[in-house]
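Following: one structure in structure tokens, then a few remarks.
Labels run A, B, C and D following the written order; every chain starts at residue 1.
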Amino acid sequence: MNILSVQDLGKNFGGLTAVKDLSFKLKQGEILALIGPNGAGKTTVFACLSGFLRAEQGQVILEGQSLWGLSPHQICALGLARTFQIVRPFLNISVLDNVMVGAFLRQKSVAKAREAALKVLDFMGLARQAHKEAGGLPLPQRKRLELAKALATGPRVLLLDEVMAGLNPTEVDELIALIRDINRQGVSILLIEHVMRGVMALAQRVLVINYGQLIAQGTPAEVVGNQEVIAAYLGRGLKHA
Amino acid sequence: MAKDKSAGEGLSRRAFLKTCGAAGLGAMAISFGVPTLLKAQPKPIKIGSIQPATGPLAVIGQGQRRGNQMAVDFINAKGGIKSLGGAKLELVLGDSETKSEVGRSEADRLIKDGAVVLVGAFESGTGMAVATLAEQRGLPFLVDVATLDDITQKGYKYTFRIFPTSTAFAQRGTDFIKEIMAAKKLSPKRAVVTYVGDAFGKTQGGFFIKHFKAANTGIEIVEEISYPLGIPDLSGEVAKIKAAKPDLLFPICRPGDSMILTRELYKQRVELMGIISPGSPGWYEPSVVRDLDKLALYVMDNVPWVNPSSPVYQEANKLFEEKYKAYLDTNTGWAYTGVLVIADALERAASIDPDKIVAAFKATNFKDHPMVGDAVQFAPNGDNKNATTAMVQVLPEADPLKRVKVVLPKKFAQAEFTFPAPQLWDRG
Amino acid sequence: MNLALALQLLIQGILLGGIYGLTAVGLSLIFGVMGVINFAHGQMMVMGMYISYWILVLLGLDPYLSLPLAAGAIFILGYVIQSTVVNRILDFPEAMQVLPLVAMGLILENLALLFWGPDHRSPSTALSLAAIPLGSATVDVSRLIAFALAIAFTVALFLFLKKSAIGTRIRAAADNRLGAQLVGIKVDRINNIAFGLGAATTGAAGALLLPLMPVSPHLGHDFTTTAFVVVILGGMGNLLGALVGGLILGVTESLATLVLPATLKQMISFGLLVVIMLIRPQGLFGGRR
Amino acid sequence: MRRLYLLLGLLLLVLLLLPLVLDKYALGIFVMIFFYAYLGQSWNVLTGYTGHISLGHALYVGIGAYVSTFLAQKFGLSPWLGMLAGGLLATAVGLGLGFLGFRFGLRGVYFVILTISCAEIARLAVSHIDAVGSFSGIFLDFNPGFYNFQFRGNVPYYYISLGFMVLGSLAVHLLARSRTGRLMVAIREDEQAALALGVNSFKYSMTAIGISAFMTSLAGTFYANYVYYLSPNSMFGMGLSIDLILRPIIGGLGTVLGPIIGSFVLTPLSEVSRAYFAKGGLEGMHLVLYGVLAILVVLFMRQGILVYIKRALKPLLKLED
């Protein structure tokens, strides 16, 4: 069963095509990775799915409901949450308060939201930081906080934008385990990732895009061997060499 | 010229810095009376002066302070309040910053500092706020300058005013204009009124227009132009004046805009028989007469002016000229008179009890003042029954400080008026 | 409707618009580079007016001749304000950036009051009464000069930013502060110069206004507000836009007096401002958003 | 935390007893302290907590003052009720302004200019409405009595303004701890990130401006019946808008105690310096010092004075961060 289906998505910036005729489906309970060289349009896809950008064409269906024209907060309320590539914690309030903002989406009372947020923090291993100001956290913990906030909104689908970038291998491994856990709890995940170790470990399927178009898809192993994918990455590399 | 001499008044830089620090520490507890050497036993009687010493009306407010202070010095030089054992007067100063609530707060501070009478406030909004406060506190308040009728129409017991109201201005102004036209056998047909867009301009202008229209002068007011106070550009307004083809211009200004108005009339070659202000600042101040020079000549203004033949005036004006290089005009003159009227009431009350002072105010019959008009006497509502205006005109004279002359009423006139005036650009 | 009057108002609107434009160019430059609104702008202009006033009174030098001195003095003032205050607040939340500059305006205004007293000073200059008759209308010579110089200054400033080495650095710093720093530009110094330049045009505007209106300590505030309107109309940070925005505002306000009391003409400008912001927030001619 | 509340309670008790020992002038200063603290608190809701900078809050003060005064003069309605009417109108106007600003995405400087413009437009409009005195403004009659919101001495004004400050701060305190308040803070911190977490930023921004406008306008009614004179320039002008934001900025933005502390520092300072420099020749000096102080505070205490006070009291009160 597909929880999210994307049909012929298209987005231009001025005359520049960022995404073109992109179609894919995210299955219930699946972890799907979206990869591609820098500037391939991955983040634009996320922005279109989460309502931060208006796509010019195409259809996005979440559990049978069209997301066309909805604003980000409505999309989030329907069960699709996202993180940002450059993490955006609310700097001047505590970690707990940060996560509570997400929890308020489902919990109307402060006490219940706090309870829910604490649970998420515990799960993410941030319980000891709960009362610290978010601005004081180091990057790895900020990454977790970013995830915790999104998780607190109780999503059915989670879009993760490079949550592993900038982490050391141990931290990556911890995060992989966490994301697996999240997935096991029934959250379907679409992730953009450059850390291939993460992609290989997590993704059941991989989509590769370049210049806003889908150029390959399949299991991680299949995609890695795909000539076109190699050309996309290497070709670009050669040009710049 | 940059700054009058009182600025240096005994504050060295170090003393200044030191006291600043003290002010920070001592907060409200400090009282700031000027230390004086007292030979006589009785304590000085404090008069609280609230004037707009900063803010857009500062030019007038600071003059008002000088007027108040000079009268205090005058009374003290004459031996103070004799019925109170020769007690000296002391002026305690408040600055309204041209804001009503600041004026109110300042009045309260002056009361705390021991003021037994308040005087002020030039600007009618502050005047109103202080009048209400005086009523709340039960302390007499003498309005030295402020025209708004409302101040004395609230039935307040503690407020008195020596200055004419907007109504009085409008009536006198209309009469004078009729008199001028009759004397010169002229029958102008069209006139334009301009007024500034603030409380003063609106009331002064509105009352004048109403009276003038009702007075059957044969002169039609063809255009009423109000303009904002902000950026002083009157080119559009003057273009409208020119298009209305008036014979006469009746402007109501604040200091500053009068200069732009006149220069603009010159540049756009607006032909007029003359400029007659129904009563407003901006035409008789030393700085205006000096800066506009020939363009200021022949402007007439209907104001409660000084009485040139009064010995009180002559004495006061001499001092004022020596000290401030300026002459006593309508505002400073009434500020001076205000304190004289207070001293007179204190003398007769022989007490600083507010209600006794109020009783003394009510019985005032004060002749020895420097202004035109009869003795100051208060009507039941607190207005000066005999407050009146004169028509003054700026006339050619080598010394700019002597150019403003009373021309009407005849009783007080220093010179014949010139009317119609030569056009602005025909003055050599 | 009176055609002669309309023509006269149109002429005056255009000339006044040039002056509005000149007062706004500096504000626009400062916003474009630093992203802060200089709430002390009008007061800086008044300082320029006082400087040319005193040069005229003490040395007898006409404001048009003392203009470089006024501009230079206000350049230094701007440079000092930027280096002592504004550079330190660039990273502050916007609400915190407002206060220091408002306070700076308060300080300048009251320093003028302390030093020179509250008088309205309006000296006669060589050209303060000159006017050229043009049919039924007249053209004010001081305004015409101010208008011409306003255009000249704006174009000169524009070219300076485009062509000169310092100009290029200023643009780089405006574009990306961090990036400019990385390529070795001393951003703080460049900011000082940019603020100084913005201030200098304002000082020059002050000198040009002296023959037109009396100077007094409290004149500044309304010029700041008007300059805002102009800058938004033209697009924040767009210098030529500021000039055109000034013209639009001048003409609109002037012609509005045909049908409205002059006291309401500002309402037209603020109304226009709101509408422009809603439908074209980048300003009529584009700018930094 | 408990000790902090204890301390605040004690301070409140002192404030309640102060009129026993203070003269009218000192009470008047306290009235202004409370008045500006309350105004700062009201502004704080929109700017300090939600992050939308308003430099036109005089608009709501003016509406509150004019509406209640107009109703009292025309229909004899008690200002206590007129105050609510003014509050409702101010809320409606605030929501209208908010709609334009938030719907059309005006943020930062653009929102600032929108607020200035709306206040200026209101000032000019009121200047041309004869029913409320146009340029001349309104002169209130003085008829002391509770019904009329007018009193002879300063003591009633003292307690009313104290009540405004305490209740206003309590309301903001409760708001800040509520779901709504927390979502407002999220919008202030990062509107995009808040949107991504399902926060309807438009709705909560509107709520903030509505509450802020309502609270602000109540102070207008107080002002009218304290000063007895209203004019378009003083009630709707930019001067008041700037005056009312100084205290929360200096005390600490987005905190409940910030506006109060700011007002306790700034209001007496302006009074004392004005009184000190009242003598002739130094006109304007107090405003220069005021300006210098404001700059110094922002430069060297960028989070406001409150942070330093907290730090100093930390050991005493066992405060958490």
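We adopt the following convention: a residue touches a chain if its C-beta (ideal position, glycine included) is under 8 Å from a C-beta of that chain, and two chains touch if they have at least 3 such contacts.
None of these values were measured; they are calculated from a predicted model.
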(request) Please strip out subunit D, keep the others put, and tell me the connected groups that result. (result) A | B, C
(request) Using the contact definition stated above, find the chains touching both subunit B and subunit D. (result) C
(request) Pick out whichever of the two, A-D or B-C, is joined by more C-beta pairs in contact. (result) B-C
(message) By Cα centroids, which chain is closest to the centre of the whole protein?
(response) D
(message) Using only Cα atoms to place each chain's centre, name the chain farthest from subunit B.
(response) A
(request) Would you kindly tell me how far, in whole Å, the mean C-alpha position of subunit C lies from that of subunit B? (result) 35
(message) Taking the mean of the CA coordinates per chain, how far is subunit A from subunit D in Å?
(response) 43
(request) Indicate the whole-number Å distance between the mean C-alpha point of subunit A and the mean C-alpha point of subunit B. (result) 74
(request) Return the distance between the CA-based centres of subunit A and subunit C, expressed in whole Å. (result) 48
(message) Two-or-more-chain contact residues of subunit D, please, as numbers and ranges.
(response) 127, 135, 282-284, 287
(message) Please output the residue numbers of subunit C that touch at least 2 other chains, ranges allowed.
(response) 110, 113-114, 118, 217, 221, 225, 261, 263, 266
(message) At least two partner chains per residue is the criterion; list those residues in subunit A.
(response) none
(message) Can you tell me, using the touch rule above, whether these chains form a line, ring, star, complete graph or other shape?
(response) other
(request) By the touch definition up top, name every chain pair that qualifies. (result) A-D, B-C, B-D, C-D
(message) Taking the touch rule as given, give the residues of subunit B at its contact with subunit C in the complex, in rising order.
(response) 2-4, 54-56, 58-59, 61-62, 197, 225-228, 230-233, 235-237, 239-240, 242-243, 255-256, 259-260, 263, 266-269, 287-288, 291-293
(request) Going by the contact rule at the top, pick out the subunit B residues touching subunit D in the complex. (result) 3-4, 6-9, 11, 19-20, 23, 27-28, 30, 32, 34, 53-54, 58, 62, 65-66, 69, 92-95, 97, 99-102, 104-106, 108-109, 111-113, 125-126, 128-129, 132, 135-137, 148, 150-151, 154, 156, 197-199, 201-203, 226
(message) Can you tell me which positions in subunit D touch subunit A when the two form their complex?
(response) 177-179, 182-183, 185-186, 189-190, 192-201, 254, 320-321
(request) Would you pull the subunit D residues touching subunit B in the complex into a rising list? (result) 23-26, 28-29, 32, 127, 134-137, 139-142, 144, 151-154, 223, 226-229, 231, 233-234, 239, 268, 271-276, 278-284, 287, 289
(request) Show which residues of subunit A lie in contact with subunit D when the two form their complex. (result) 50, 52, 71-74, 76-77, 81-84, 88-94, 97, 100-102, 104-105, 108-110, 113, 131-133, 149-150, 152-153
